[in-house]
Amino acid sequence: MRLLPSRRDPSLDFDPTQPLVATGNLRRRNAVSRVIQGLAVAAAIGAVAVLVIVVWAVVSHGAEAISWEFITTGAPNGVGPDLVGTGIIVGIATLIATPIGVLIALFLTEYAGRRTTRPVQIMLDVLNGMPSIIIAVFIYILIVARTHKESGLAGAIALSIIMVPLIARGTQEVLNLVPKPQREAADALGVARWRSVLTIILPAAMAGIITSTLLSIARAAGETAPLLLISSLFTDTTFQLNPLEALPNVPVRIFQLSEEANPEGFTKAWGLSLILIAIILTLGLGSRALLNRSKRKMTR
Amino acid sequence: MSATPPAGSASLKLARSNRQSDSRKRADRVGDITLRLICTAAALLAAVVLILIAKEVFEGAQPAFSKYGFSFLTSHEWAPPLEKFGGEGLIFGTLITSAMALLIGAPVAISIAVFLALLAPVGVRNVISPLVEMLAAVPSVILGFWGVLILGPVLANNVEPFLHDNFGFIPLFGAPQTTGSSIFNAGLILTIMVIPIIASVSRDLFMAVPRELQDGAAALGSTRWEVIRGVVLPSTFSGLIAACLLGLGRALGEAIAVSQVIGGATESHISLFKTGGTLASIIALQFPSAVSALHTASLYYCAALLLVIGVTANLLASWVGYRFSNAGAVAR
Amino acid sequence: MSIDDQTFDPPTSNGVTPQAPGRVRLRTDPLPGVIGSPAATESAAESHFHLAPDVVFDSENVGIFYGSKQALIDVTMRIRRGQVTALIGPSGCGKTTFLRSLNRMNDSIPGFRIEGSINYHGHDIYGSNVDTVEVRRRIGMVFQKPNPFPKSIFDNIAWAPRNLGMRQGLHERVEKALRGAALWDEVKDRLKDSALGLSGGQQQRLCIARAIAIEPDVLLLDEPASALDPIATGAIEDLIHTLKGRFTIVIVTHNMQQAARVADRTAFFSLETRGEKPIGTLIEFDETEKIFGSPRDPRTRDYVTGRFG
């Protein structure tokens, strides 16, 4: 075995008995590393700062608009009808989207073969990433143009298309967590698949299902584009409850007020924004708390 | 299981249980078939909806497509009263705002992910991570509202004049607007929207890089940054691309916030400080009050373009992400 | 298996087992500042030296805690230059913990705390002015499970030298490292291929090559052959023999026979009940023949004769 002459590179020479401080080019490399780490910290601080700035703007401008009258009456002083309208529309959307989302998740975990799993996952991903304005246009063509009428129901259907992928994905993750022994025990006892799904698997995954539903509600509550095209011709001086008509709703109202050049309208919009953010925050925190509690249960 | 019953009643029990099991078996089979049916139907429904979306949007665009063909993509005159529609300005606006969002947002988001996954102690991570995700939860209409009322004036009075005065030789930084509604504003808002998406996905990717790999690099006398640059970033590269594509999809499709701050023009200019429009924002702004059938069809054409671009970005993200996880499995 | 049944190859003057034909001892570069160059003799019997080889690591009453749990207590030992020192003992008694604290690889583990002192060439490794990157540059480590980077074979080896500022002569350095790790002939035609395509044993030798490419002072080996098949294990052990003298080597192994084959001195760790809980500690540390042939502590005897472990 012929050896090449050992050619010591001066940059690699060191005396091991010297103190353990940076030698060679290490001081420069340490400085570079510190700068980059500083940039990463700065980026994180920047993101949090933006969040704080935006939320602070909403809180500080919107607080003055909030009052009992604001919440319970209609235009011109209040936004009650908008809140109720959003509640109805999102409520209907949830009723449509949750079963469908859970069923799709069940399909993926129980019935999909190797060849069907991937296409369905891709479909869900595409649906999830579909711009909401396109869903809005779709429902418009499908329902509004044909019936010549805007309606809260059509808006709810549009929102449910947005919600289904979120619920499906969240439910699927939780279903996959259900421990195999539980499923196999049911099979071994000769219990029918549908019984074990209904009585064992779904209840075990319930927390996750609720969590993803709450998160999708938080998402749907703030979606403006679908409702802008499908449920924006309304009067919001009085409370409207008929989903077959266009219903007043929060995000469209904020949008309209932001486009007018009316300072009073701006204040109302801030107030509405504050309420909307508060609802979304509560839903987010609530679902996170629920998730943590259920995780603790599952790992016990 | 129950204790063995006395011999006499055993056969009776067996007979009864056999009978029960017959009807029970039938119920079970029906139940199983039903469940399988409705689950499959739900999955099919999703597929049907996707196909329908494409069908309706493309059909709606048909009148405009038959009139303009692909010249729609290169003509930039958009005048509803004159029944003239061309999408070039909108395509340009879409590309410029999304490019800005990604060029600024991706490095920032990846830096945030590096911080959260690799540098921050666990306690800090558990506080900052949810805050970053909360940024994604802010509805776009509220961000757009904030962008118009608060960010706009700051841009118009401070930032844009500063950039124009000092860097005006770059055509990007032209003369500022007075209203603060501009492509620049829209790009910034999109950046804010895109950052949490890319940051969350990247953070999860970084946290999945095996400890031993990082230890191996550290044990060779490397600085923290060298470990990240040499091991963490290369091994997550395709995943990071997928994350950026997801962010791109979000930026491309954002209609509401952009429509609030971009100024509602239909031509986009190279100067970031001018008003402009994107494919998504023009639909949000003009659809409710479209003046003619051709106007509506042209807006559908914009939607069709948006559909193609958006779905492509999403599919690319899925494909890149899938290849990454596959490669990771092989490497292990 | 009793001590008497063990077949021992009496250590030859260069520490290489006679059955390894064609094995060439690499020329040792005496490093500056060394008294009594180890190239003279490498016999485990230190009385042959004029002066005992330099102390590289001097650990004094070392105790290691993870949070409130104490993993190691009262470890006092001296590791000498140019020798192979083996740390043996049953699992969970702190051998790997101690090894990793020699190059501060435990720093990233939450709750890690060390008492006592570990001096490296007289300098406290955990001192306040110490740069951990510098520590690891001088004290390299090879891990239990091979962990090649997802890069080419060449880039795996060249990566750290590049960081250290080496621009020229990379090819020679890579070749030298691969030869030193007995891997050159197998990979010289595919240096650009991904390192992940190598077999387990090859990957581990790659990791060794990667570690020696920057010519550290010390090599810490954490059960380097435990994830490998017996043939690959044999190759690693041969490698250790060739690297001995050029580097100071500390190896953790729970394979006693391996320690007997490669080590000059062996340290036996085990659990000792102090107070309520058993804590890992150093039981006995001596020349390898003494540990295996005539151990002083009964626990050592029990372990090396296989009565427990």
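Structure notes:
Note that the chains are named A, B and C in the order they appear, and that numbering of residues resets to 1 at the start of each chain.
In the analysis below, a residue touches a chain if its C-beta (ideal position, glycine included) is under 8 Å from a C-beta of that chain, and two chains touch if they have at least 3 such contacts.
Computed from a predicted structure; not experimentally measured.
For the pairs A-B and A-C, the larger set of C-beta contacts lies at A-B. Distance from chain A peaks, on a Cα-centroid basis, for C.
Mean C-alpha positions place chain A and chain C at a centre distance of 51 Å. Between chain A and chain B, the centres computed from C-alpha atoms are 12 Å apart. Residue positions 223, 226 of chain B each touch two or more of the other chains.
Among the residues of chain C, those in touch with two or more other chains are 133-135, 137-138, 163-164, 214.
Multi-chain contact residues of chain A, defined as those touching 2 or more other chains: 26, 29-30. Chain A makes touch with chain B in their complex at residues 26, 29-30, 32-33, 36-37, 39-44, 46-48, 50-51, 54-55, 57-58, 99-100, 103-104, 106-108, 110-112, 116, 118, 120-135, 137-138, 140-142, 161, 164, 192-195, 197, 218-219, 221-225, 228-229, 232, 251, 254-255, 258-259, 266, 269-270, 273, 276-277, 280-281, 284, 288. Listing the residues of chain B that touch chain C in their complex gives 122, 210, 212-213, 215-223, 226, 230-231, 234-235, 331. Residues 1, 3-4, 6-7, 9, 11-12, 14-17, 19-26, 29-30 of chain A are the ones that touch chain C when the two sit in their complex.
By the touch rule above, chain C contacts chain A in their complex via residues 22, 24, 26-27, 29, 31-33, 120-123, 125, 127, 129-131, 133-135, 137-138, 161, 163-166, 168-169, 172-173, 175-176, 179, 214-215, 217-218. Within the complex formed with chain B, the chain C residues making contact are 103, 105, 108, 110, 133-138, 140-141, 143, 145, 147-151, 159-160, 163-164, 196, 207, 210-211, 214, 216.
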